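There are structures below to look over.
Shared between the two complexes below is chain A, which pairs with chain B and chain C, respectively.
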Partner chain A sequence: MAKILIVDDAAFMRMKTTKLLAENGYDVVEASNGAEAIDAYKRTKPDCVLLDITMPDMDGLTALKELRQIDPEARVTMLTAMGQQSIVLDALKSGAKDFIVKPFDSARVLAAVQKMIA
Partner chain B sequence: MDLAPDVTPEDLEVFLQEADEQLRLLDEDVVRLEREPDAGELLQEIFRAAHTLKGSSGMLGYKEMAELAHHMEHLLDLFRTGALAVTTPAVDALLHSLDAMRVLRDELADPTGRSLDVSAAMAELAQAAGASAEGEPGAKDAGSAPAGAGPAAPIVLGPAARERIADLASGDAQLLAVDVHISADTIWSSVRLFQALQALGDLGEVIASEPSQSAIDSGAPSQLLRAIVSTRSSEDDVRREVGGLDDIAGVEVEPYVPEAVAKDAPDAAGAGQRRTGAGRTQTVRIDVARLDELMNQIGELVIDRTRIVQIGKALEQRYKGDDMVEALGETSAHIVKVVDELQESTRQVRMQPIGTVFSGLPRMVRDLSHKMGKKLDFQVSGSETEIDRTVIERIRDPLIHLLRNAVDHGVELPEERIAAGKPETAVLKLRAYQEQGHIVIVVEDDGRGIDTERVKAAAVKKGLISAEAGARLTEAQAIELIFLPGASTAEKTTEVSGRGVGMDIVRSNVEAINGLVTAETVLGQSTRMTLKLPLTLATLHALLVRAGTTHYAIPLVYVWETTVRNADEIPTIAGREVIRVRDAVVPLTSLSEAFGLSRAEHAAGSVRQVVVVRLGERLLGLSVDAFSESQEIVVKPLGGFLGDVKGIGGVSVLGDGQVVLIVDIPSLVNSIMARGPAEEPVAVA
Partner chain C sequence: MADPLMEPLSESDMEAWAQVSGAGMANALRGLSKMLGQEIATGVVSTRRVPLMEATELLGGPEAATAAVYFALSGDAQGHMVLVYVPEVAFELVDMAMGDPPGTTKDLGEMERSVLGEVGNVMGGYFLQTLGDTSGMSLRMSPPAVMMDMAGAIIDAVIADIMVFSDEVVVVETEFGTDQRRVHGTFLVMPSPTLIRGLSKSRRAA
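Showing the complex of A and B:
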């Protein structure tokens, strides 16, 4: 069972995404900010990461860079919203595999995850 | 409202709770923003909260809220990038949107079928953003260039690219011309272009592209990417790899036949570092009733703890040197330590920063002062001061009242202030701090002060006191009059502070939790209201006394002095025993008699022990048979068997199992001195 780390400061988003992934047979680890994400990544070694951009205590872009330093193979898809185009570009340059724009539908999330762990 | 089909009640609950938190945070922060427009960290926090609201409501399918949040975020972004200055109309627009959001949130929590029209709020935001924004915020994401497909531009090859093509043409790698079409409804075509170009780079070498790498990096949108790629992968592989990306409408691949012109584009875009946000406390919500229960149980444990220690000591005396008794002593010492720590930790859990009450107040003060045309600098300090939850719940209304009074009656209009030689902008301070086991909250303004002569005159006119009594009042006693029911001096009723139903309610609310409220004023200069509150309602610092066979606890906050008098040296004035304490004549009452429990007998030459309590400016002597030390007791509500006894606020059980009654000083003083302070001034110099 593939393990997925979901990082979002918004509890609601996290819950929705976790539920979706769990229902589709994934093992889900949650973190609510970048710092926690780094910690959780080291601890649980997930197969891939869904990473929100706008967060307190280390934003998604910084967290992405740190994750890629810890594990150059880290597979990360950014969770983003309108208005963050330039950050998404930065993230892709920094090694993010893809991005999903909120509000996202279930199919998008599942497709992104499948693509990452393929 | 139409929500997403898969929303569960649990989803809703989490959403509502989070929305509530974010809205509260935003309310406070936006008001702060008006005063600190350059605080980058603050703006960041506001932006993040609006962003979370947008994301979550969008996810929920709550379109109205998501759109409103989106408009807010757009305006905030203009602040953040410096494109727009933070102005009062802009802050107003944000605050009005927050109000609308709150309504939307409540409509979700409690569907009434009605749906708030958010277009006015959105229009206001758009107008505030209007100065610099071009059109709808949603359309602005794509950057400056129009996002049209347009006729496909040919790839322009520079000399370097042409040389490279010539080089490669002689090798075994094939050259492909790739056209990638981006679907028209994608939001950021340039990001997809970037991904497509990246995918092509993974397959081989991108020799040239249109738009160029640097144009794509800068976010220029386009629906078409044309590239010349050198790769060992087959045409099908290229089609599959690139076509597998999201939002790709089609990929055309064909062998490249060298001819045409170019422009090469080295890429060196550094990734920008974004600031990390401020820390947040992580919380778990617990029902206060559970904490009360826990505290109650610990109270029992504390009683047993003391009992065990006492038994241990007795055993030690009986069986000196016995191993088992010594072991019991050690164990009970450890239990004492653990129980004390447990009590302290539980108390900590019940504590909350007083800032949770303060939140929302800056907004209220701002709106009020704007509405009344007053210029005001509202300074809040000590928000981190911790206080018991149950106290917090009880002081919000009194605080709101004090602040409203200050803005309405205390602070003058700018013209008035200038005429009085004061700075145009008034200062209203709200401070909280801890002092000797109490929390002190001070509301202080530098306004016109309270005219005690007018207060007296009004009280006489309303028949609250007699003219003679009024004339005898000291300044400090006169100001106490404002706490009498029906004593408002405001000549006109205002929408803000209402009419004379303020300060007496403030006082009774505060006294209901064993607190004190006092007023000080300097006419023409300032007014200061001070609330002294217990840290917690679960325990109490009290003086333990005995009257007859009953033990009582008198909350220390009301104890002014303890004194010992000879019974035969107590004079009587108008049939009432009095004692003189520190230049004041204080009426004396036996505590037992006050409760009608027993008739006190005072043999000639016996000694009377007196606890003098103070409530505002009123002093009352309570004679008791003995007082012991003050100590912290665990408050238990009165059980049903005692019912509602006037003058008794609760019970406590001491370590030795002794039950003590906690005296409710405010109600006792009020019932004994029913006629109020002014009718019969008790503290005569």
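Showing the complex of A and C:
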């Protein structure tokens, strides 16, 4: 069973995404900020990561760069709000595989996950 | 020399703001409809100038109990956005987003606050996308601050900031909701004069 790390500071977004992925047979690990994400990545070694951009403590872009240092093969899709194009471009240059714009639909999230672990 | 920030806004500035913010509101409601998976309609979008001393009336008066989600705007221009609901409407919105029957939510805990914050993120992001696309300005919003408090306390901090350059505030207001479920809320946007002038200038250039 593939393991997915979900990183979002909004409890609601974690709950919705976890429910969707669990229903589709994935094993899910949650983190609520960048620092927790780094810790959870090292500890649980997920197959891929869904990473929110706007978070307190350590934002998604900084967390992405750290994750890719720890594991240059880390497979990460960014979760973004409207109007964050410049950050998204920066994230793609820094090794993110894909990005999903909120509010996202279930099919788009599942497709991104399937692409990352294929 | 006069500070350009202190110069009064012209009629054409206000007209440009009314048009662009109206389009922005429509886009914000598209975002919310997508998030909730159902059509959310918007009422009349009104743009007006309000003396700062009367600004708490925008949130139902200084003593009104409200749930509000606040965002600061930064980047090429500054401003404030506030989504305001009476508490029962905030609860209703949470039920809709969670897919729960009406009346389930009775309080705003961490999960409920994050729902309101996310609704704000989506609406604010879509609104700013329209402003950015129209003006070419790069505008960012802060993470949402969700507050349950008397209206006066919420708007005091906003007013203190606006007072630096003006004794009135330019607002755009609208109500939104569905026929079946009552989720009428008010979306207030208070742009700085720089933001309005930026929009006005880009429209003249277009």
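As a convention for this text, the second predicted complex is superposed on the first by the 118 of 118 C-alpha atoms of A that agree within 3 Å, B and C clash if a C-alpha of one lies under 4 Å from a C-alpha of the other, contacts with A are read in each partner's own complex, and residues count from 1 in each chain.
By definition in this document, a contact is a pair of C-beta atoms (placed from the backbone, for glycine too) under 8 Å apart; a residue touches a chain by one contact, two chains touch by 3 or more.
Here the structure is a predicted model, which means the values were calculated and not measured.
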| item | value |
| --- | --- |
| Fit or clash between chain C and chain B when superposed on chain A | clash |
| First, second, both or neither for A:Gly34, with chain B first and chain C second | first |
| Chain B versus chain C as contact partner of A:Asp9, first or second or both or neither | both |
| Touched partner set for A:Leu61, first chain B, second chain C, both or neither | first |
| Chain A residues touched by each partner, larger count belonging to chain B or chain C | B |
| Clash-bearing segment of chain B relative to chain C, given 20-28, 236-244 or 380-388 | 20-28 |
| Overlap of chain C and chain B interfaces on chain A (superposed complexes) | 9-13, 15, 54-56, 81-83, 86, 102-103 |
| Chain B partner contacts - residues on chain A that touch it in the complex | 9-13, 15-16, 32, 34, 54-59, 61-62, 65, 81-83, 85-90, 92-94, 98-99, 101-104, 106, 108, 111, 115 |
| Contacting residues of chain C [partner chain A, same complex] | 31, 34-35, 97-98, 110-111, 114-115, 117-118, 121-122, 125-126, 128-129, 132, 138-141, 143 |
| Complex interface listing, chain B residues touching chain A | 6, 10-11, 14-15, 17-18, 45, 47-48, 51-52, 54-56, 58-61, 66, 70, 73-74, 77, 138, 141-143, 187-188, 190-191, 194-195, 198, 217, 219, 244-246, 269, 271-280, 282 |
| Chain C-facing residues of chain A, complex | 9-13, 15, 54-56, 81-84, 86, 102-103, 105 |
